[in-house]
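Below is one structure, written out as structure tokens; the observations come after it.
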Amino acid sequence: MNIKIKIENLSKTFKVNKKPLEVLNNINIEVYENQFVSLIGPSGCGKSTIFRILAGLEKDFSGNITVNGESIKASSCQFGYMPQKDVLMPWRTVYKNIILPLEINGKKDRSKKTEVENLIKEFGLEGFENFYPGEISGGMKQRAGILRTFLMESDIMLLDEPFGALDAITRINMQEWLLKVLVEHKKTVLFITHDIEEAIFLSDRVYVLSGRPAHVIKTLDIEFPRPRDREVLSSPKFLEYKDALLKALL
Amino acid sequence: MNIKIKIENLSKTFKVNKKPLEVLNNINIEVYENQFVSLIGPSGCGKSTIFRILAGLEKDFSGNITVNGESIKASSCQFGYMPQKDVLMPWRTVYKNIILPLEINGKKDRSKKTEVENLIKEFGLEGFENFYPGEISGGMKQRAGILRTFLMESDIMLLDEPFGALDAITRINMQEWLLKVLVEHKKTVLFITHDIEEAIFLSDRVYVLSGRPAHVIKTLDIEFPRPRDREVLSSPKFLEYKDALLKALL
Amino acid sequence: ATSCGIERTPSPSPNQTSSADGKQKISFVLDWVPNTNHTGIYVAKVKGYFAEEGLDVDIIQPGESSADQMVATNTAQFGISYQEGVTFARASGAPLVSLAAVIQHNTSGFGSPKDKQIVSPKDFEGKKYGGWGSEVEEAMVRQVVKDAGGDPDKVQIVTIGTADFLQACETGQIDFAWIFEGWDFINAANKGVELNYIPLRELSETFDYYTPVIVTNEDNIKNNPELVKKFMRAVEKGYKFAMENPDEAAECLLQLAPELDRKLVVKSQRFLASKYQDDAPYWGMQKKEVWERYMNWLYENKFIDAPIDVEKAFTNDFLQNGQ
Amino acid sequence: MKKFRNIGNPIYSSIAVVVFIIVWEIFTRAKNIKEYILPAPSAILNEFITSGDLLLHHSMVTMTETVLGFILGLVLAILLSLLMSSFKLFRSIFYPFMFLSQTIPIIVVAPLITVWFGFGLVSKLIVCVLVVFFPIALNLTEGLSSYDKDLEELLMCMNASKLQIFMKLKLPSALVHFFSGLKIAAAYAVMGAIMSEWTGAESGLGIFLTRSMKSFRTAAMFADIAIISIFSILLFGLIKLIEKRCIKWNVKG
Amino acid sequence: MKKFRNIGNPIYSSIAVVVFIIVWEIFTRAKNIKEYILPAPSAILNEFITSGDLLLHHSMVTMTETVLGFILGLVLAILLSLLMSSFKLFRSIFYPFMFLSQTIPIIVVAPLITVWFGFGLVSKLIVCVLVVFFPIALNLTEGLSSYDKDLEELLMCMNASKLQIFMKLKLPSALVHFFSGLKIAAAYAVMGAIMSEWTGAESGLGIFLTRSMKSFRTAAMFADIAIISIFSILLFGLIKLIEKRCIKWNVKG
């Protein structure tokens, strides 16, 4: 298996009001092709900052990051990145927001159109295509954001708490969809969540980060076979993993 | 016990692009003094809309709403309301954002100051008082929002998914804090969450809403005594409640 | 050296392009809005005198500022100016040359409402003079008061800028001002306001200068004398016509400038008909003494740094059909 | 409640204008104010009738100048703003000159402009454009840098080109500013055309204006000003209309 | 990257201005351009020396007018914007008049203003204020309605008074617009003072300007314009400075 993302000794310090704020301290993370890797850790520890660095949005860090074997360049982003805060353009309808990546890549052809329509249906956004972001619910915005990220058509997706505003049922649907995508499209996913069960159910490997300044305090490989179904959630192995992660977090 | 909020036959239809969108259909909800009541339901069903109506932000609804025995007026809000999306003023520091309600009520005195400082510590925001909203993490923004809502000093709090962006541990802390507040300050809380366990653990009563147009499909009274501790989470009664809610949602 | 600075050869000027019917297109720039001082030009245009000479003349109105630069650079071949302007222009090196005095004597003077009882410069004492704010103007007012044996310091000089004399008097802001007999005075009469008027030419020989004058630049005279001759022939014919037929001449002016007040123009035209040539042997003639006297006064009062050669400032060579 | 940027009900403003005119009429009559100090609206109206043809003729000239000048100024403003918001160096160098260009009193340099650019359209358009472009360019330049930085980051993650970021983010975000600038420019545009006539003209509302002023026809002068105002209002209305179509989403946001 | 609204490095712009002046000097010398067409910078500089005292005297007068006019215009603009954004009816009624006031050519009504309000400060301030207030008022009015509606709702839930919503939300949100307006006004302020001198004045840069123009002293005229420009730039710089302090957060946003 190829290594897709390799983060070595990543450290990052912000400077606010002339005082330094050490956020990341020697982070090492590896993600292999077609793997699903989750990051968990206390709020404010630096998870989103790692994503932002990967996406090329934060300069001034120390350490080494390679993606597909190449050092990342500041000017370009090789990921489908979904930020934590849903950023939709208020002057575009939901549909127009979703297809933004297609517009940018100049891929707005017919065949795409039906694909997007199907996805919109699958994401429960049918009938809201012509609504503006101010007219849909929080969970709907989040789903639009996920859909937009998927349409960025990168083989690596960085998802920052993508399901935070979704109810249990919708969340399960979205998880299933994500696993399907992982298999069908051979994607590689780096995932941030606060839901430990979700992390275990979805991931091949979970990194647990400490509080600020964040470093990796536990690396846990999840050894359920793929494709998985929700039965694993009640397996004893699952409870074992959960305990291990909870212990690491406390 | 006094009835604090009484929602009778609440219906609401939005009009978008000249087409009507029926969102709420005959909702009936009752909240008694010092009670903790949760709303759960699928994403996009209309939970936040109920809150917005209560807070006086949506006009044009049908039905009857009384708070403390009086019909709500459009122009005033008797609640501490925390919207789903964290709205912080980008030009104010975290501290300045938090104390906004105090500024507005003209209550920015000394004694308050130490109270706020203690709360900031409790909320894990110490050291970030002078950061701008753009410089803190998603979970930290959410905590600042909760704190601000608390400082609105209303005896009824409307909290719309307040813990959505928090990790498990922080979330537990915040839940404990909320229960403490409920008892110590005799608050009444109306709460939206997607976390069923959270709803059961915190609430006296849980309303389950159907998909759009939302109506109440289940009302579940949680009969754990107060004060509660986290042991109830592993009680058989808890699992019973959980099953009942999940079934209603599916 | 060329007369105009920017890559434009003076002769043939690009502004002297030919119009469709083979006539030479030239520009004539006014000093102000069209008025009865300009009637000869308008007559020449309307009556076809220019066309007879093979000229197609655009009569152009400038803004509030003087148009002398346009003539100096041959942007416009001809224009209207006044003696003071030409003197200043020449003092700063601009090659303006006066071709004709449109009106033989200065027809401006001091006007005031009758009830102010201002009949001589001595009466200016203790009164408010409303001027447009020029230093030369102020010096002249002081001069006439002094000449009349008054104390110039007792005249209160207020600047009214572009405000109208009559309006300013009406609202009691000033007592008297410098006005044109053939325009403001007649306007006042039309509006039913009675004025006392003291002609400047009666107060001082020095101030009986030429205003307005028709100007061109030295290059045209040197390199294009034919054009100047043709142009001036038509203009002269125009003014002669205006002297003889004031009412019809007024119509010519009104035809091309219908925005003007008809009553004012007609009356003004009748008034000016005899003033164009007045006591001169022929229309447009300019005397060296007149140029010299005023130039010297300007020099003595330090408005120009050095005396100018008045011989170069004007010429009578293009009058009387160039005789 | 969420109604957005509204100059208000046109009925009210129309009533206000009518009331204003009536008060003016009554005032001039009651106080017996001389026409050459302040003409009554009826006198001005009368002027419209008697000098109608003439006013129309001059109006056409000025309108043409205005429209041409406005369009050119707009194009120039957009171009400069684009350049200034894209290239820092250009901005550093050009911004001061743009600002300086506004501090030059056109009335005194008008003859010089004529000397440099001759009589005719070029000189006039230069003056018009000089008046019109500045408020648009300044507001647009400010507007183009007040966008949501989160959205910019998102677009950068999509590897959007500078042009795409511009078209899809900066431009829509700058619209409110842009239209503010357009409205200011609309107020000045006709005035700009009038000023352009100072460079030497044979016809135009500016010519009519000075001629009627200098021959003491105050009512005609006011009639001229009324036309200037009406045309400015029309221009404003047009911009308002386009704005409404462009920033529709904001009503909902 | 997140650097915000920056007119750019003052070093570059200074260099640009210096280069511009040098090119101008060389151009006028090489092409042998007559002083009355376009004076060389050296001639203008010389004028500063020879007419220094005079220019200083006139400058003081105009600066006073400008400062007074600017402050008054600013106050008026703020007042009107407040009223217009608070009371819809007022906005409906007043907005058209505000706009119309800008379409009236000051040069022609200046004499009338003198007639109505007399010579002296009042007339001058009226003209100054008329020029200055509009871009500020328009931009501020637009700015005051481009705030985040979510934040407004939040404040309403806190039962904030209209005044509080205004002070804590609308005003901070309007700042970028407000400063755009101020900058435009700064460009026009000195010109406004110059125009105000048309209502009748004995001294001031406008008087010096027309005097030097009428007496064909083009270099002196340009020296006068240079002072106008310099003073405008100073005003602009001051506004820029205040803006930097006020919208600091935006750099971080």
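Going in written order, the chains are labelled A, B, C, D and E, and every chain counts its residues from 1.
Methods note: a contact is a pair of C-beta atoms (placed from the backbone, for glycine too) under 8 Å apart; a residue touches a chain by one contact, two chains touch by 3 or more.
Keep in mind that this is a model prediction, so the values were computed, not measured.
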### Task
From chain A, count the fewest steps through touching chains until chain E is reached.
2
### Chain whose Cα centroid lies at the greatest distance from that of chain A
C
### Message
Farthest chain from chain B, going by the mean of C-alpha atoms per chain?
### Response
C
### Task
Give, as an integer number of Å, the spacing between the C-alpha centres of chain D and chain C.
36
#### Entry: Interchain centroid distance [CA atoms averaged], chain A/chain C, Å
84
### Task
Round to the nearest whole Å and give the separation of the Cα centres of chain A and chain D.
50
### Task
Please compute the C-alpha centroid of chain A, do the same for chain B, then give the distance between them in whole Å.
27
### Summary
Residues in chain D with touches to at least two other chains are numbered 37, 107-108, 112, 115, 149, 210, 213, 250, 253
### Query
Out of chain A, which residues touch more than one other chain, so two or more?
85, 134-135
### Query
Which residues does chain C have that touch at least 2 chains other than itself?
4, 6, 64-66, 68-69, 73, 164, 167, 170-171
#### Entry: Chains touching one another, given as label pairs in label order
A-B, A-D, B-E, C-D, C-E, D-E
### Message
If we count contacts the way the header does, which residues on chain A are in touch with chain D in the complex?
### Response
55-57, 76-77, 79, 81, 83, 85, 87, 89-92, 100-101, 103-105, 132-135, 152
### Summary
chain E partner, complex, touching residues on chain D are 2, 4-9, 12-13, 16-17, 20, 37-38, 88-89, 91-97, 99-100, 102-105, 107-109, 112, 115, 134-135, 138-139, 142-143, 145-146, 149, 176-177, 179-181, 183-184, 187-188, 190-191, 194, 206, 209-210, 213, 221, 225, 228-229, 232-233, 236, 250, 253
### Task
State the interface residues of chain D toward chain C in the complex, per the touch definition above.
34, 36-37, 51, 54, 58, 107-108, 110-112, 114-116, 118-119, 195, 197-202, 207-208, 210-217, 220
### Task
Within their complex, state which residues of chain C touch chain D.
4, 6, 14-15, 27, 29, 32-35, 58-70, 73, 75-76, 164, 166-167, 170-171, 187, 191, 257-261, 264-265
### Task
Spell out the part of chain D that touches chain A in their complex, as residue ranges.
148, 150-151, 153-160, 164, 168-169, 172, 247, 249-250, 252-253
